[in-house]
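Below, each structure is written out as structure tokens.
The same chain A turns up in both complexes below, where it pairs with chain B and then with chain C.
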Partner chain A sequence: MTEHSLWRFSRALHRAIDERQYADLEALIDDDVDWAIYGPIDMFPFFGARRGKAAVLDVIRRIADNVRVHRVNRESVLLGVDSAASMIRYSLTALDSNKPISLRLAHFAQFKAGRLSNIRVLVDTFDLVEQALGRPIHLPKLAS
Partner chain B sequence: MAEDMHRQSVLNFLDAFYSGDIDKAMTYCDEELDSVTHAPVDLFPHLGQKHGRAWISEAIRTQQSYYSSRKCEVKFMAVEGDKVATIQLLSLRKRNDDRMVRLETAQFFTMRDGLIHIHRAFLDSFDFVQQLLGQDLTHSFATDLREAMRS
Partner chain C sequence: MTEHSLWRFSRALHRAIDERQYADLEALIDDDVDWAIYGPIDMFPFFGARRGKAAVLDVIRRIADNVRVHRVNRESVLLGVDSAASMIRYSLTALDSNKPISLRLAHFAQFKAGRLSNIRVLVDTFDLVEQALGRPIHLPKLAS
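After this line comes the complex of A and B, so read on.
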């Protein structure tokens, strides 16, 4: 049974972030990849949309420059033929400040011929900003 | 096929939820519904961790009190076994100033006996807060954040 593209991509991504070894990852990204991590790009420059392999590898290098991954816990995974969706809990360290950051995120990925062609990542960014600031943000009550 | 039924149940649930049909929305949920929306509960007290399908009623009524219109467009959906995942584009019109806010959310559903039993939701909550306030918070915090990340 062939291994799902998600697992190869995840291993290569974590190797890229933690060991700065990008060769495996580069081979698993489509040339025309459409990539988006939703969040405040003025605060976290590695958020936002990217198009194409070079831009995505550049943003992964930026992520590797900023954080180290300590633990990855997949809380839910759905695998389609050429797609995958996961909820993941990450334990990270911000490299500059050595602060621990706990992050839950959801991602939706699509693959073409085993290569990542599209990914959307959603994070509770308000919580992330508070963790990075090291203090709560006080605002009036709102509703969603 | 069970996966087709799960897909349709979630679509029907979302349709009922955003059309404000509380009774219908609740029929798609298990009595022991376990829901977590990853968002700041200090700002959104009706979100966070909730137990029991009565929360559906509370959530719809709370949203209706703040928004005059609520639209949901499912942009992506995946189903595997008893799990369903969606990305939705929500368009909400605020009652107090008639402004539209738009956000993408990711929702994960786990079904039990054909009903939604576990629900998890994610959103770019910082952007959502900015849209609701109608002000850019990034400049207020960007400098502090850069300092905090260096210290």
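After this line comes the complex of A and C, so read on.
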């Protein structure tokens, strides 16, 4: 049984972010990849939509310029033949401030011939914004 | 081929929220269900963790007290034998203000004998908070 594309891609992605080794990752991204991370792009310019391998490698380089990955805790995972979804809790370090960031995200990924062809990432953005600001945002209680 | 538990559960959930008919839903929740919606519980008291069928039905009633579901757009879905993950874009109406709310979430669910036994829900919380406040939260640009 061959290894699922998700595991190869995840290893290559973390290697790219932590060691700035992009060769493995480059081989695992479809030329016409469709990529989106939902979240406030004004604060985090590496959020948002990207199309094509060059744009996706560029955004991964920008992520690598801003954080290091400490720990990856995959809380849920579901694998299809050429698809995968997981919920992951990341422990990161922000490189500029050296501060720890804890981040939960969910992704849905599709692979074509072993290469990432589509990914949608949802982030617990409010929690992330508060950590990045370094202070809580005061919220009214809205619902009963 | 029998229908996947996800579809039965989703129909019953939306019926509960929109029509306050809880009987179908009650039969599809495991007595010892483990439930969590990640997000700012100070602003939205129906976020957070719940354990057991009574607590989960109570929180669904509180959600039904606050919103109606207009449209459900399931953008991604992955089904396992007794599990399911999907990313959904909801068009909701806040009942107190009559304002539309657009909400993207991802869930990972497990079923036992056709009943929901575990669910984790991640919401694009920052976007939701801004909509609930009715104004944007000013954010500094943090990353390069």
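In this text, the second predicted complex is superposed on the first by the 141 of 144 C-alpha atoms of A that agree within 3 Å, B and C clash if a C-alpha of one lies under 4 Å from a C-alpha of the other, contacts with A are read in each partner's own complex, and residues count from 1 in each chain.
Keep in mind that, in the parts below, contacts are C-beta pairs under 8 Å (C-beta built on N, C-alpha and C of every residue); 3 or more make two chains touch, one makes a residue touch a chain.
Note that the structure is a prediction, hence the values are computed from the model and not measured.
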| item | value |
| --- | --- |
| Chain B versus chain C as contact partner of A:G134, first or second or both or neither | first |
| Which of chain B and chain C A:S91 touches, first, second, both or neither | neither |
| First, second, both or neither for A:P45, with chain B first and chain C second | second |
| Which of chain B and chain C A:R120 touches, first, second, both or neither | both |
| Touched partner set for A:L78, first chain B, second chain C, both or neither | both |
| Touched partner set for A:K99, first chain B, second chain C, both or neither | first |
| Chain B versus chain C as contact partner of A:R62, first or second or both or neither | second |
| Residues of chain A at both interfaces, chain B in one complex, chain C in the other | 38-40, 42-43, 75-76, 78-80, 83-85, 87, 104-106, 108, 120, 122-129, 132-133, 137, 139-144 |
| Residues of chain C that touch chain A when the two form their complex | 38-40, 42-46, 62, 65-66, 75-76, 78-80, 83-85, 87, 104-106, 108, 120, 122-129, 132-133, 137, 139-144 |
| Touch list for chain B against partner chain A, complex | 37-40, 42-47, 62-63, 65-66, 76, 78-80, 83-85, 87, 92, 104-106, 108, 110, 120, 122-129, 132-133, 137-139, 141-142, 144-145, 148-151 |
| Touch list for chain A against partner chain B, complex | 38-40, 42-43, 75-76, 78-80, 83-85, 87, 94, 96-97, 99, 104-106, 108, 120, 122-130, 132-134, 136-137, 139-144 |
